[in-house]
Structure formats: C-alpha cells, structure tokens
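Same chain, two partners: subunit A is paired with subunit B first, then with subunit C.
This part shows the complex of A and B:
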C-alpha cells in the first residue's frame, strides 16, 4: 500500500462528473443500522455496528479482509439468510422499516435493494434475458413493448447500450469482463431499486474497466443510493461521499471521505489508510 | 534459464535399479490388464458384429417373428415401447427426486432418499422383475404386459435418473443462484429459471444412460413382459409383448441355425442401440459443458 499522503495528493474525483459537493445535512437517511451484531452460529462477526446511509450518496466500506464489511453489506438485502446459522441482532432499518422484523418480505426487500457481486455473474443466457430476469421474477413490466424499453433504459444507465444494442440476443458470456460487470449492474437497475450494494465490483477488472465502473457509480448516485465495499482506498477516495472504516467487526469511524483521508479522527483509521497495517 | 541448467524433461537415467524395476512392473501390469480387458471386449464386439452382420437382412426390420425364424420387427417395436414406457414413469419421478435432493433435502429426508437410491442400484434386476411379477402380473391381474414391463424398467432406471439429476442440478454454480436471489427471485424461480434449465443437458445425459440400461435389460422383463410374435395392438395390460433381449436369450439355446442367426441379429441391434445412445449422451454432456460458465 502506498503511503497515505500519496492518496491525498490525488484528485478526489474521477475525471468526468465533478465531485459532488458534500450532501446537504438535511438529506434523508435511507439506511439506519443501530447496534447490529451478527453471528455465524456462535461466532460473532459484527459487534454493535451503527451507521447510516443517506439518499443519493455513495458510502464506501473499507477495512482489512475479514473485518465484516461484506457481511454487513450482505445483511442489507438479507443475502446472509441463505447461510445456515446466520443470525442478526439489533436494528436495521431501510426507509424507517425494520427489515428483520418477523414477517417482513425478503423478496420485496431484494427488489428495493439491488446487489452487484465481486465476481461478475451474468446468467449464461442472452444479454436481453439477463436484463429482463428481474422483471420476470417479480412480474414487472408485463405489457408488450415495456420490457424492450426497460432493456434499453437499463443498458443505457449501465453504459452498455452502445456496445450491446446490436447483440441483445447474443450470449452474455461473450462479453468482456468489464462489460459483464456492467451487464450485472444493468440487470440490477432493471427492477428500479432504491439502493445499490456493490461488493468490490471492480476488484477483478483491469484499470480501464475499473475506471468505467467508477464513473458509472458517480452517475448512478444521481438516482440511487450506493453502498460500496472496496479494498482499494484510492477508489474509496475517488468516488465516495462518506467512508466507514471497519476493523475486526466494529465500525471504527464514519466520516465524510475527504475528512477521513485528511484528518482521521481515530488513530487506527490513520494507521490503516497510511498503510501501517491491513 | 542459463545454458548450464539441466533440461526439465530429463530421462530417468539417474534412477536406482529398484525404482526402474518397480516402474517396469507397474507399466507391465497396467498394459496387461488393459490388453486382457480390450481383448475380451473386442472379441465380444467382433463376434456379435460378424455373426450379426451375417444374419442381417431387410426382412428382420419389416417382418415379425415366425416360430424360430422370420424377422424381429415385433421385438424392435417392443423394446422401444417398453423402454419409453419405463422412461415415461421414471423421468418425472426421478427428476423430481433429484430436485428434492439438490435443493430442498434437509434433515433426515435427503440421506434416506439417497440411501434408498443407492440400494436400488445394487438390487439384482431379476428381483425387481419378480417383485413386479407378484405385484402387477399376479395380484393386479395384468398378466404379462407393457404396463408391468414398463414398471419394472422404471424401477431399474429410477435411481440412475435421480442421482444424475441431483448431480446435474448441484453443478449449477452458486454464484448464479445468488444473483437470481439478489434480483428478488424466490425458491421456485431459482430452480425453474436458473438451476433446471442449466442442468438440463446433464439431466438428459442421465436419462439417456437409463435408456441404454433399459434397452439392455432382460431379467426384469422375463417376469413381466412375456413374449409375443406379433406387433403390439396398444393394450397396456393383458397383452404380452416381444423385446430384443428375449430374442437373444431364447433363440441362442435353440438347436437351429436359423434361430441362432436371429439371436445374433438381435444382439447386434441391441449393441447398436446402446452405442447410439452413448454417443448421443456424450454430445449432450459436451453441450452442457459449453453452456455453463466457469464450472
């Protein structure tokens, strides 16, 4: 890891859309975690995590491997439910609604909270079928012509329309790695979520494909709220509005990104971002 | 690499005598084992092909059996009817079992089903024949019939279809199921839109394997299908039906050249059926490999 001040000397925004000014304090809180503990069987991986995510911001979750940031991310759309022995304690609210309340609708939650995985995982179907999968699963846009419109809108939003419009019926697996990841983003956008979770979305991509994903994230926050797990501190610095630093299952510090990378409030944060461990 | 570095694929010249002898012994044992097996296999195939080809004539495919002569049209038809009848019963149940084992089987249910399937594979096929004989032919009064024969073949092929379906569905990557769930798909959507379509070529391979086994079975049919010199008239019960393996089994023991010719012709036909099915299943498997990403 490069020393911290190298990070600080870099421009904080990607070349294209200029870094948005810090969100107005009045911005609505979309996700609110209060004292979240998380267990796999008896093994506790999150300890009293409290943080909030505001509308139309990008929150980056950083921290060393195994610090619980992915677990926290996956608890936001209850993907952890699929793991035997997974259990959450505390309160996790999205738009004020407790998503772990008994009887709450997991399917409806996942429709509102989209997810992009670390390894791009398009279905081995056509590009078009990938984008419409969520529509079919949720019985949305059923009138003829509607789905065609959704395919175009989603691919445009994911910056894949120009490359993909002439090969909608072609297999998605013929796309390059970066294109596949953008297809996965398009697929998630097709069902119009409010929130998009990204679990190291660019870690398997080359620098150019990574830059495109980052530009895309900055565009997407105009319409969506984004939570991004990343191992890449420069990436967090370039695209996020605020950053949460996780360490051994705890949130050490959450702060506006610029502030965290210049004046971290906690010694551990400084040690981590200056590369002294992790 | 520098010029003085030894080549990587060095010949084992530095090996001790003991290691060279062990090596030689191992290779010899493997080669002999292979040759013995290949010789037996070739002898059977060549014998069947030579004597079967000699017995081949168009009448075999167009005429019905007359005593110990005539054609095999009734037996060819019967083999196909019984094999497909068996599949008709075994495929829905077997694939459903496979889905259960791969997707839902928790607690004690799945291990029990898996154990039973493994026991059924080990069951001697003549026991299955006798079981269906008691149940269907005698107790239900169906006599020798397509229904009884198909049930016997279904019982034989069920465990193969079940286990191969389970493996085929399991082999669909977890990544894709997670992607579907993250898009708001429920259990049924994940199974029927992702797991099953992607597993289909591999499931199909298992079904073809079961078909090959059914075509080659004799023992369970002796007790259940009987034999008939005539074409099937479409009755499911109380009408016996012919099949190729019966022709092999019965006519080879007759003292007439004519009967032997019929037996060898039937053997060649069964071999060809199985060969075609095996090739088809390999092609299906290759298709499934192409379809699945980073498997």
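This part shows the complex of A and C:
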C-alpha cells in the first residue's frame, strides 16, 4: 500500500443512506459478459471483457479516458449499433438471453435497459411530455389517467416530484442542470426498466447536484440494477457495491468496491486508484 | 470596426429601401391611373400604339390602354404553390435520406450532386424544359393524368401543348428542391446526438425518433428553407418564360393551362412597353415589379408568423 493515499484516508461508507452492506453473494446474475471483443471497423476497443452484474447491485466501471468503459456500457443496450462499423464478438447475455443474437429485438432490449447520459438531454418538450415519451414510444399506459400516475411515480422516484409537480406543463429546458439530469432519470424509469445504465451521470453537475444523484442511485438500487461509468473514484467508492477497473480495453480487475479500494489484487489497479496515472 | 459593420448593415438596408422607393416613384402615375383595378382585372392592353395619346385623369396615355394583372398574380402564386408543395416534401425526404440512411462518405458525393442542381443556371432548366420536358409531358403524361385523375378538380379537361402551369410548377420544384434538401440535411446532421440517443434509448424506433425528435428540431430550418424556396420560385424569370406558355389576359382553367408570371411577364413585355410614347406601359411594368416585391414581403411575413407559431408548439407526438 502506498502511504499518503487520498482515497484510503476517506471514509468509504456512503454519506447519507446507511452504508450499503456487501451484497449477498447468492444474488441472481442479470448481465453476463463473456469474452466480449468490440471493434470500430478494424480498430479494436474491447479485448475479452468478461464480467457479471448482479441483481440490485451498483457496479461501477472505472478507468482512464478511452479505456472502453463507455463502449462497454453502450453495448449493454446496443446504442453502439448506431455507429458505422461497430461490431461485437463474444457473448453478452441479459437474463440469460444473448442480446446480440440475430433477430433479437433491440427495441425490447432498450425498454428493459434504460440509460442516463453524461450530458443531461431532456427533449425540448414539457416536463410531463419528457416523462411520458417512453410510454408513448412503447405504447404503454395508454389511458390518460395511467400516464398521470406514471408521471408522478417516476418523478417521485427520481426525487423531482416536489420541485416539478407544479410545473409539469412547463418546458423541461427551464430546469436547472441537476434537475434536468434527474428528469432524464425519471424519463428512463417511466418505462420500468430492470437495469439502468448511467454514463458519468454527474460529471457535468455541481457537488450538491452530484450528491443528490448519488443518493438517488442508492435508492434506485432497491428496485433496479445499476451500472455506472464514472471518472470520479470517490463516487465509485461511495455508491457502488462492486467495481470493475478497465484499462486499454481490458478488465483488469472486478471486485467488491471496498476490497478493491483497500486491497487491490493487481498492481495496475493500485497504481490507478492511488493516482499514479489516469 | 463595429462602426464599419453598422455602416455596412445600414447600407444594405438603405439599398433595399431605395429600390422599393424607386419603383414606387416610377410606378406612381400608373398606380393613380389603375387604382385597385390593376389587381382585380385580367386584361393587360398597352393601347393603340399609333393612336394619339389622350389625357386621362391628368395623365397622358395611349387610347385603349388598360392595365390589369390578375392573371399574372394567379399564375405566379399557383406555379409557386405547386412548386413549393412538391419540393418541400421531396426535399425533406431527400435530406432525411442523405443525413440518416447512407454512410457519411457517400453522403458527401450525393450531396455534391444535389447542390450542383442548385448551381445550374435557370436558362438551362428552361431550355431542358422546352426541348425535353414539354413534348414528353404533352404526349405521354398529361393525357394520362387527365384520363385517370380527371375526377380531381382542375386535373381534367384539355391538356394543351405542355406549356403551362404544371410544367412551370414542376421545373420550379426541381430548381428549389436542392435549397430545401441542403438546408434540412445540414440541420439534421448538425443536431446534437443527445436527443436522438435519448429517444432511441427509451425504445423509440428510428422512424419515431426522426418524427418526434429529429425533424421537429429542424422545424426552423425547414420553414426557413421553404421561405427561401418560395422567394426563389416567385421571382424565377427565365425558366418560366420559356415553358409557361406566356398566356396573356387568360386565367388558367386547369393545371395544364398556359400561364404567365409577373417576373417573366416583365421581361416579355419590356420591349413592347418601351415603344409606348407616353411611358405609361413601363410605369405599369414598374407597378408589376412593386406588386411582386409586395407579395414576397407578405409571403415572408406569413412564414415568419408561422415560425413564431411553431415555436409555441412543443411536442410533435399526439397523446
């Protein structure tokens, strides 16, 4: 262990809701990646990535820029399909089902695997219309009364109900940055996904808004399975149950977060979390 | 530097005002002579060229002179309307195709050809229409349309020589499609990917994403390009002159009828008007130009109003 390690000097427990205990090892595996290679044309960005995500846990993906963690995240709901020349090799299963199997339904996959992006990206519609977008796209909750209920439930779940309930018809773009990001979370929750992917969800937010998103992630864990890409190691330490360290397209180490930040098994992990590079 | 910019901007505005003012002054005696009849009558007659000029309302005019341009207004507006109605949907579809459906490398090439279409001089379009399109339409297309679509209003009846309203509208549409396509394509390509990704990640199909998020985001570009296209079609002179049939004092009875437009009429009548010793015919043509400017301003204002109204609508997705 390196002396003077800043992360180790910090309390590892999450600040607000009681520290999440290590998840019971017997929980069901929801996402299972086996030897995933990923290419943009001839350029390979993921090399034999294998990891699993368990139900109701938060898995943090950390690693330096360009290490492939976002690419991996975006392959979980096949958002990479949009990029010309993107190609995946290996096996990526969600609930046991190969999501890259020929003929597998991308739309249904994205309904089950929600995503929150690095930059909050609310539609230029009203708050309410943002939340109901996924319902309309997927033809869910078609009776007007149902939609009202979904809007309230989703905004409550995203911690935006108190601030938003009187402005449902107001443009979403009038919200603050942190509120917009919580609206994007509410929008993703409205269609009741099983899994929520978060791509550096707080990197563009101030510390207070960041703390709210982190609290929210810990609450959401009760009902959803979360995979969070973050550059912020303290954030990973505060909220995640397990952490995967990516380096140059490979998973170097996946371990319970507390263990990784106190006793990393691999030298590169230690070098990264102690700030020798990255 | 700011002052230089301000002065240049003021100069541009001043030139515009000066041109309109010049036409207003030039046309003033004709405006007084013609009154509202200028807009509501459809007979244009410069009078008896070799008759002695007579005094009417204190102005010297040739005997029998009468200036009414309703047929020009109708011809201009109808041919422009046909062109815009055809060109905007085609242009937008082409833009979607270029922005979304083909690889970026190919997009550059196809876009290049689309934009070359806009660079072709209008007289070339006119000549192509004259040599190829008109005989083709008159022999093969218009008779078929009249026979099979004749139940629609204004689609039946005599199909004529091929010179006329629909031919003008088609050629004008061809000329303005590139304007719409390149503007909307640029707007689609320039859109941040965040909104598109958000919609797709919520389980929207690509078509739904286009319809509900991407295209609404280009509304301003679409309306703007439609304004530009309308302006171009209203003012197009040479191509229309060669294919419209140059109808004089004749209101179209169906979409095959010969027409004239204000812009092409000014060209075709200028030579004759210069023979008028009283000068009133040229003043009346200046009045035509003034009306054309006025129509352009009104169309632009309407389009701007439309933009304002569109901005107040948020979602494109009905419940």
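Note that the second predicted complex is superposed on the first by the 274 of 278 C-alpha atoms of A that agree within 3 Å, B and C clash if a C-alpha of one lies under 4 Å from a C-alpha of the other, contacts with A are read in each partner's own complex, and residues count from 1 in each chain.
What we mean here is this: contacts are C-beta pairs under 8 Å (C-beta built on N, C-alpha and C of every residue); 3 or more make two chains touch, one makes a residue touch a chain.
Source: prediction; values computed, not measured.
Student: Looking at the overlay on subunit A, is there a clash between subunit B and subunit C, or do the two fit?
Tutor: clash
Student: Could you look at A:263 and tell me whether it touches subunit B, subunit C, both or neither (first, second, both, neither)?
Tutor: Once the two structures are laid over each other on A, A:263 reaches no partner at all.
Student: Does subunit B (first) or subunit C (second) touch A:82, or do both, or does neither?
Tutor: A:82 sits against subunit B and subunit C alike.
Student: Quick one: classify A:173 as touching subunit B (first), subunit C (second), both or neither.
Tutor: The answer is first: A:173 touches subunit B but not subunit C.
Student: I'd like to know which partner A:276 touches here: subunit B for first, subunit C for second, both or neither.
Tutor: A:276 sits against neither subunit B nor subunit C.
Student: Once the structures are superposed on A, label A:41 by its partner contacts, choosing first (subunit B), second (subunit C), both or neither.
Tutor: neither
Student: Residue overlap on subunit A between the subunit B contact set and the subunit C contact set?
Tutor: Dual-contact residues (subunit A): 77, 79, 82, 107-108, 110-111, 114-115, 117, 119, 121-124, 133-134, 136-138, 184, 187-188, 191.
Student: If you look only at subunit C, which of its residues touch subunit A in the complex?
Tutor: By the definition above, subunit C touches subunit A via 103-104, 192, 194-195, 197-205, 208, 212-213, 216-217, 314-315, 317, 319.
Student: Where on subunit A is subunit C touching in the complex?
Tutor: 77, 79, 82, 84, 107-108, 110-111, 114-115, 117, 119, 121-126, 129, 133-134, 136-138, 144, 171, 184, 187-188, 191
Student: Show which residues of subunit B lie in contact with subunit A when the two form their complex.
Tutor: Going through subunit B, the ones touching subunit A are 173, 175-176, 178-186, 189, 193-194, 198, 291-293.
Student: Within their complex, state which residues of subunit A touch subunit B.
Tutor: Against subunit B, subunit A makes touches at 77, 79, 82, 107-108, 110-111, 114-115, 117, 119, 121-124, 133-134, 136-138, 173, 184, 187-188, 191.
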